[in-house]
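Okay, so chain A shows up in both of these, paired with chain B first and chain C after.
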Partner chain A sequence: MKTLFRNSLKTGIVFGIITVFLFLIGFTGTAANLLADLLHNESAGLFLGLTPLMLNTAIFLGLIGLWAGVSGASREQDIPGDPFGAAALGGAIAGVAHGLPVGAAVWLIGGLNEQGVAMSTYLAELLPAAVHQFLLGLAPMTAGIFYLLFLTTAGAAGGLLNRVLGRGSRKTRAAIRNRLRESVESLPVLQSLRKSTAGRYAVYGVLLAGLLLLPLVAGQYWNYTIGTVGIYVLLGLGLNIVVGLAGLLDLGYVAFFAIGAYAMALLTAPTPHHLMWNFWLVIPIGIVLAAVTGILLGAPVLRMRGDYLAIVTLGFGEIIRILSKSDDLSDFTGGPRGVPAVAPPDFFGLPINNAIGFVYLIFLAVLLVIFVTNRLQNSRVGRAWEAMREDETVSRAMGINTLLQKLLAFAIGAAFAGLGGALFASRNQFTGPEDFNLMVSINVVAVVIVGGMGSIPGVIAGALVLKGLPEMLRQLEDYRVMVFGALLVVMMLWRPAGLIPSSRRKMEIGRDAGLVETAEEGRGK
Partner chain B sequence: MPIAKGSARRVKPYQIIQTITGIAFTLYLLWRLYTVLIGSPSYGADTWARFIIAGSILGSVYALIAIGYTLVYGILRMINFAHGDIMMIGAFGGYFTLEATKNIPVGGTTFSESFPFLAILAAFLVGVSIAALSGYFLEKIAYRPLRGAPRLVPLISAIGASIFLENAAQLLFGAQRRDYANPTVLTRGEGWTLSINGANVILPYTGVLTVVLSVLLMIALYLLVMRTRLGRSMRAVAENKQVAALMGIDVDGVISRTFIISGALAGAAGVMWGIHLGLVYHFVGFIPGIKAFTAAVLGGIGSVPGAMLGGLFLGLVESLGPAVLGISFQLKDVIAFGILVLVLIFRPTGIVGEVLTEEKV
Partner chain C sequence: MTVALETRGLTKTFGGLTAVNAVDLSIQEHSIFSVIGPNGSGKTTFYNCITGFYEPDSGEILFFEKPMTGLPPDQVTARGISRTYQNIRLFANMSAIENILVGEHSRMRANWFEAILLTPRVVREEKAAVEKARQLLSFVGLAGLGDQQARNLPYGAQRRLEIARALASQPTMLLLDEPTAGMNPNETHEMTLFIRRLRDELGITIMLIEHDMRVVMGISERIAVLDYGAKIAEGTPAEIQGNPHVIEAYLGSGAASGIKPVARQLE
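And then the complex of A and B:
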């Protein structure tokens, strides 16, 4: 019983802190707006004296309260005689612990707001209207007490819900999950698909056909988004070779992207050099230039240890950006203003400058890169990379020239980024230094890690989740980057091998929690 | 016989290239130094003095942050990527404290004007404690569950934590840059006036405060690491976690405390940053964080005196570098990163440099 109290209390406190944080960053307001879109109740009248948005705020908090109750109760083991009483008690305790910080915060903030303190100068989201909405129009103290009672009730209800859903404790949940997975996997359709090659190719064919038809039905905006996702797939696949296969963490990957983009921009645009070369001529130049830079950068730094490499590449990425931005080089790079009017590609004399054409072009590039990656991964080179990632010393003893292989991985990864950059510049018809900040590198790392290092479907899934989903939830734009960061941490804690782990990796480390040993051991000195 | 001798010490091509680059770079640097100082002096002694003052102030802040990197790296062999953001949290803590003292009326004026040193002390105390607390929770939430995982895993977790903290701060406090409300005694830009070369050079009060405080903190830290029981356990854990545990040391506790100490130092650095340079915003810790990491590497990561030296050195180089090399000040970050790359290539063990065994690497 003691553990019941302690764990429920802990859960509740964590939920309380998170809820107060969500309020402070203005997420409760955003959630209320989202709910209004979902429930179509924006223009509804007053309900119990609450405006629709206040009602939605309360609904959102009630849902969080339920969740707190569910997880507060599930921390306790099942008590045979009285499952519901224990669950409700656990949920209620979590609810009280949840409600106390929220109630206190509401009381404090509401009180300050009433006295006319302009809190929004310090906490940007605490505008009087937002506070009023969160207080449901009540007096600060009443609102605080209301939230305490409300969240306690919600917690208790969540505790009961936990048992009603039959989820019970963690053990029971795990058992149910396993049963579910087994029953899905033993479906005859899946079984036969998995066994026959033809079936698998049929699935691929259907997917591909769907993909090829997609741009024709999607509008201008969605085609643009699909193109962005495609470019991130390109970048992700390139970095996947460096990070996922060869195990070298590169935080300056954006540098190669920038080189591809600047090659395209400077060689095809009228300013600043007036070269106006053809798109198809510049694409290979961009790729080669990026690859050569990769080798030049890689040669001195690749003998370093893994985390040193991360910082050096990060520094290199920043150097490229600062240089492209600096006034000293602005005659050559266009400086802070960037390069406008980058030429679009042409298809036998026909310029491709609409979104649909570009989507197909990017698809083509993605398919090409998938093909190359796939062939590489299953070749001698790919095996050497993976061996090197697992244990560099052993792989060297096996006769692998690790320096050469690392350089190769770096160069090929850079080449893909160069291709992506060239396409990016040509599509946007513009290139400037701010397109190449550190966040791009981090985004690509996140795509690879969240998707699953070393796995091609994983990278595609990662790009869809990280670049596609946020476009669908435009209202959450402000929170995107923060969620990115949290996602990286959560992925590392929860699923370090990614959403779709590579099969070889799963095979290797199925026994020890899906963690992957990476090649960090460089030269000691 | 000559063949045997040759194969025993075969010189690899990249080593030759490295040596040649190194010599060429040193010669270039000497030539630039000669040109700037003796050949055709572009600045007078007063300007150089200004560069040196600015550089040593910046350097002592870098040194404080770098110590945090080095302590954590020494024990966990991981780069605490979110360390710069802990500094940002400390800077915000100090900012809010100073704003609060500015708004408390005391006998016709405000608290921060009546008791300026108490206000500054409060800012440091709040900034340091908040940063120390954040360091503790950062380790507990984002790093501890990953103990024993491959090294890429906690590094990525640290990057994630860094992004999270930066953007959470932006959402909480807004994106605008905020001006630290120093008490009038410590107005930025005011200080003792020195006369050098016929020109007035200002030695700012805030800068002197920064340097003195960081030196005191560094001495305190050195005594802590070398003289106390906690320091001894920290060194033991850094040497070998398993054996330390067998000797009855609470390894997790020591790691927690290391994060608290390094967080506290970063917090102090954050408040100094605010008091001396003035501007605080959500991204303020990022660049100093990277620079301080450079400083830690420069001094030899894992070594506390190395981090101090490295920080000072980097601050000076950054301040003097553009003038010596004759490039624009926009590119001073390029110099810092360039040094990082050069040090890692030519002397990965840093200035002081413990020799890393294969196991530690």
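And then the complex of A and C:
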């Protein structure tokens, strides 16, 4: 019983501190806005005399309280006789420990607010209105007591919920999960889909059809976001070859993106050169230019390993950006003002300048790049890259010309970025130096690492999470960096190998020398 | 009998330290040749010079009478010399069979462009490579473990996988660096038999660095002894066992005179 108290207490206190912190930085208000948008429960609060935002603040706090109760009770593993009573008690104890600091903070801050102390001088988000909202319009002491009771109740409910969910012990949880997975996997539909080639293609077909229909139903704004995610998938897949497969940490990857974009911009725009070439002609030029730059940069620096390579490439990325910004070169590059009126692609004479057309174009590019990556990864070349990543010295002794293979990886990665850059410039109909700052490189590295190094589905998941999710959570705009950091930390603990880690193909017992097998299948067996 | 590998006055220095000092060796084709010596006597440095990891300061290396001094490691492998490492160095995150396929790299031709197009030739080559990798897996007794990640294999299996990977490049000569390190007597015995099979069944010339004297004396046709980088003795196992220089190198001067009669009695 003693440990039950101690662990629940500890959990409650941690939740209390976090909740107070969230209140102080104004996150509770943002969350209430978000909930209001999601739930559309404007009318529900009126019965209680609450504004919609107050109601949703309370709902948010209630959810946190539930969560505190669930984790507070799950610390206790086996209580003979009365599991529900013990869980409720554990949850309630966590709730009290959660409610005390929150209640105290509410009382204190509410009191100060009533005295007219301008707390927003110290904490920008603590405006009187925000405090008033958090207090649900109650007097400070009443609100404090309300939160204590509310969170205690929520904690107890969370404790019960914990038992209902079967989260009581690790073993039961694992058992339930296994049973679920088995029952899903034994569904005859899935079985036959996995076995027959036709079935597998049917699944791909459905997915593809979904992808093709998506831009038609998504609005202008979402198509733009999908396009951005797609371009990051292109960049991620390119860097995935360099970092994920060949193990070369390139922090200046944005340079190749910029070269693709500037190739498209300078060759198709009316200023500064008045060349106005055709989009389709410039796409391969952008790709080849980026690849050649990759080789030119790679030749001298690829002898370096690890950190040194990262620093040199970091510098290279900045050099390209600063050159593109330079006033001296502005006759050639457009300088700091960038290049406007980049040409859109045309489709048999019809210009594609709407978001839908571009989404399809980017899909096409992504599919092409996935195809190429997949072929390379499962070939002699891909194995050589992975061997270099694992142990460069030994891979040389295995007969791999490491310098050549590194250059190849660099060039192909750069080519993908060049393609991405060319599409990017054409879609935005503009290109300027500020599109290519260091954060782009860092973001792409994050996409690869968060998604799972060396894994194609991982890169897609990474781009969706890091580029798509922030758009979906527009309300969280101010907290993006915080959430991003928290996400990275959580991910490193929870999935150190990435969201969808690369899986090894089964080859020894595979049919047809394993050539037709895909990674997904290998995992299923 | 032809000479497989020959070194003439091979020397490698690191600053003031002469790690390998004018070593002359010649190894007959299809023989098992051991290099022994106390710790730090330059055995692994000698290997690194032969396999192109280090460029020797002076001296020559001939492989089947063709000079190959200073060739980079990938070219040495292409010529037909393959090696294993003292501390196992597998590609830990790749599967066992992929490790072997990397070993076949120098015997395959597919370039990046063909790989993307997946030309019929590439398909054939890849099929043959996987088939050969499977055969090598069963040759080293790892059949059925091919899809395991290399790092998950037990220690003895990792040693054998490393040899399979070395064999995948179709070497005419194999350099083994302490293949029985860390093994129990039973595993050591199996490894000894296995090394002999490599020579008898595959006709590969074997050079061996080894500390376990039972292994060395049991399977070597000839033995060279290094001490402070220099070769101090060479001969058959029996000759080496009785050589006072060798005993001195291992046990210190002074010991040699006393040990010698004991060593004789042991024989």
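Some observations on this one:
In the analysis below, the second predicted complex is superposed on the first by the 451 of 525 C-alpha atoms of A that agree within 3 Å, B and C clash if a C-alpha of one lies under 4 Å from a C-alpha of the other, contacts with A are read in each partner's own complex, and residues count from 1 in each chain.
One rule holds in what follows: contacts are C-beta pairs under 8 Å (C-beta built on N, C-alpha and C of every residue); 3 or more make two chains touch, one makes a residue touch a chain.
As the structure is a prediction and not an experimental result, all values here were calculated from the model.
In the superposed model, A:V381 lies in contact with chain C only, and not with chain B. Contacts of A:R396 after superposition: chain C is touched, whereas chain B is not reached.
By the document's definition of touching, of the two partners only chain C reaches A:V372; chain B does not. Here chain B and chain C are compared by how many residues of chain A each touches, and B touches more.
Residue contacts after overlaying the shared chain place A:E182 against neither chain B nor chain C.
In the superposition on chain A, the residues of chain A touched by chain B in one structure and by chain C in the other are 515. Listed in rising order, the residues of chain A touching chain C in the complex are 372, 375-376, 379-384, 386-387, 390-391, 393-402, 408, 412, 504-509, 512-515. Only residues 51-53, 72-74, 76-78, 82-83, 85, 89, 91-98, 101-103, 105-106, 108, 110-112, 115-118, 122-123, 125-127, 129-131, 133-134, 137, 144-147, 149, 165, 169 of chain C touch chain A when the two sit together in their complex.
Of all residues in chain A, those touching chain B in their complex are 21, 24-26, 122-125, 243, 247, 249, 251, 299-301, 304-308, 310-312, 314-316, 318-319, 322-323, 325-328, 442, 445, 449, 478-479, 481-482, 484-493, 496, 515-518, 520-525. By the touch criterion stated above, chain B contacts chain A in their complex at residues 14, 18, 78-79, 96, 99, 141-142, 145-146, 149-157, 159-168, 170-175, 290, 293-294, 297, 327-328, 330-331, 333-334, 336-338, 340-341, 344-345, 348-349, 355-358, 361.
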